[in-house]
Amino acid sequence: MNSTGNTTTLAGPNERYERGLAVLRQVAGPEQSTVLDGFAEIAPDLTRFVVEFGYGDVYARPGLTLRERQLATVAGLAALGNAAPQLRFHLAGALNVGCSRREIVETLIHVSLYAGFPAALNGLAAAREVFEAYPDTASEEAEVAAEGPDAAETTADRHRRGLTALTEIDGHAGEQVIASLRDIAPDLGRYVIEFAFGDIYSRTGLDLRTRELATVAMCTALGTVAPQLAVHIHGLLNVGGTEEEVVETITQMVGYAGFPAALNGIGVARTVFAERAAGQASTASATES
Amino acid sequence: MNSTGNTTTLAGPNERYERGLAVLRQVAGPEQSTVLDGFAEIAPDLTRFVVEFGYGDVYARPGLTLRERQLATVAGLAALGNAAPQLRFHLAGALNVGCSRREIVETLIHVSLYAGFPAALNGLAAAREVFEAYPDTASEEAEVAAEGPDAAETTADRHRRGLTALTEIDGHAGEQVIASLRDIAPDLGRYVIEFAFGDIYSRTGLDLRTRELATVAMCTALGTVAPQLAVHIHGLLNVGGTEEEVVETITQMVGYAGFPAALNGIGVARTVFAERAAGQASTASATES
Amino acid sequence: MNSTGNTTTLAGPNERYERGLAVLRQVAGPEQSTVLDGFAEIAPDLTRFVVEFGYGDVYARPGLTLRERQLATVAGLAALGNAAPQLRFHLAGALNVGCSRREIVETLIHVSLYAGFPAALNGLAAAREVFEAYPDTASEEAEVAAEGPDAAETTADRHRRGLTALTEIDGHAGEQVIASLRDIAPDLGRYVIEFAFGDIYSRTGLDLRTRELATVAMCTALGTVAPQLAVHIHGLLNVGGTEEEVVETITQMVGYAGFPAALNGIGVARTVFAERAAGQASTASATES
């Protein structure tokens, strides 16, 4: 099975299962124990479907690395906040496929913007448990170090930095959000600039492209925030992501938030891709004339 | 109280309470211990409201059997994923009103399509606990048996079976979903056909009408997937369900996901019913002319 | 930092931190232990952000009392149902800033309308634990007393009382909801009147303005119920709330449900404010002519 949409490939269920099992083993790590243990008796077919479909069809796809798929999954599960065993499994999975502790922690801090502080804090509590149980904790500990506050920094500094980040990432779409708040809730607009973009998006430890991958994953999984999903699909494309990566990130959520969430996410992506194609066409046309 | 909308019935609160208690006892089973135990001291009125309104007004309604109400409730609570004590209670309740273990397991496998694998797996973990604590486990154990993979089956076989199921269930609406994905995420369209309809909807152990009842319940409870709720209201009607059953399934979610979720679900149902009435009118008109 | 939208204030991070810490101490109570304990090692910056942004920027704002912010937060977290540690912290916080047990219990009973009985019951289970651990339980115990059923009350009585409350609170918007259900699900319309407004909204122990504050908080946090959020922003304004209170209640949810939820809530508020401004303009114009 590949990403060409070819439906006549002769890959039988065993091939999908074997491919899925190989990916699952990378995520589950050397101990091979998974969240699937214990389901063999009550629902053996569901276990098989997770391996065949979840890992063999979806995880094994090209277009995103396993590290990116794990960070997107951690972000999506932490944002949903209702799947603690799976979140723990994928936090360990993120370590197993090579994500650093710092990247994981930054991803969870980033979750606070889209699903609130409780989702971020509960995700971090799970991460702390996973990190403690994981070998070689000590050697990497420095990675989790804080950036710390800059005591001399003013709110004006935060505003300036946030506005720069907002413009770089979300461009026109982001500015429109702020402008639309001016008459009714100007402080909320300021918080978007100063806190969301000045404090969080501007942090080091996770590059902007990965932040936007995580954001697209979360907004798809939550299913409640279509306008923001559109803004951040633009954002991912603005900071170097590709349309394939957008589609892959949304598709990765099928197994964690269900088909409707992914289908509706793709619907938003279609609109954004069309907007950008129309914009480039008109730019090209303007340049030619 | 009946479903005629008559508001002048003289049924006082005690009659509603008695009727609710009779239903609650069927769901709670012979041990009579319920999730309501322990709330009498802190919020006695809420306990009363659950009995009067939740069981006396809603559960006691005609239009769905208690078995159907329990499977819809299990699907809705498993999809929401944030009400573990109530999910356990209603898993036992499903057994108490006569659902088989196989039907319950199939309902939870079905949940994976609409709320992801974590929701399905956590629901099954709860089911396993409930089944173990329930008398006569052994005698029914065979019921939970897997259908198992067919080693000779190709992806083309799955595609063919899925397309047949999709067309039977969701008709034109389902085909449109697949067509709309062709330009942007064709593989996601394939997964809908091969996995959702080929692997899951085509399973035995739960008839299509009950699968669609569970789907309408989940989509109503989640509140994030109006387009899919519309498709599956059509689906339920396509596989033999009635408009009354659609309304009852949505109304059943009032107590589990709140009034707004149910009201918005009814709004979607109204649109679907009108579409079908218009379609039949135009068909009739075409036949007459 | 104030609510004027002035972005050039020179308040540095330390000032925001100090202001946030002062508010957090009021919420956390004399023992000073918070849900943030234990995060200092893994994500010290997130802890700082919660204090600076969550408490220093948002909680410290004027426009709502700390008691109102706590009840709105309890309602929002209970409705989401996926943040148990934070819900417990803010239930204790509500007591610490002066909410009575009765107000807290009524708020949680009110949650049942917007997020279902499981959300209300799980919130009450957490409240029971918090109340038991809290000093001076005995002296306030009478406060939690039930209103109890009126055995002579008929459903017609409940209908009459509910209709009066619905008209007072939601006015024209509420009546439209009921009218729209008449053709398709008249009983659901009756339940809105009899149960939601007759049984719950008409309870004493929590004034209507606070009920609508909690409702706006819940509908914002859930993010799935924009039509009902609009109805209840009208409702809050109809029972004496101000536009500032609407904006503050929605802004209070930033830290609990994320920026998109708050931004989308503000979008709904803008529409409602414009509708009311247009309505008053046309009334004024009609009066003048």
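To keep things simple, chains are lettered A, B and C as they appear, and every chain counts its residues starting from 1.
Going forward, contacts are C-beta pairs under 8 Å (C-beta built on N, C-alpha and C of every residue); 3 or more make two chains touch, one makes a residue touch a chain.
Bear in mind that the values here come from a model prediction, so they are computed numbers and not experimental data.
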Task: Shared interface numbering between chain B and chain A [over half = same, under half = different] - done: different
TODO: Give the rotation angle, in degrees and rounded to the nearest 5, that superposes the C-alpha atoms of chain B onto those of its identical copy chain C.
DONE: 120
Open item on the list: Could you work out how far the Cα centre of chain A sits from that of chain B, in whole Å?
Closed with: 30
Task: Residues within chain B bordering two or more other chains - done: 80-82, 222, 224
Open item on the list: Please output the residues of chain B touching chain C within their complex, sorted ascending.
Closed with: 1, 3-5, 7-14, 16-17, 35-36, 38-39, 41-46, 48-50, 52-54, 57-58, 61, 77, 80-83, 85-86, 222-224, 247, 250-251, 253-264, 266-267, 269-270, 273
- [ ] Could you please specify the touching residues of chain B with respect to chain A in the complex?
- [x] 79-82, 105, 108-109, 112-122, 124-125, 127-128, 131, 144, 146-156, 158-159, 177, 180-196, 199-200, 203, 219, 222, 224-225, 227-228
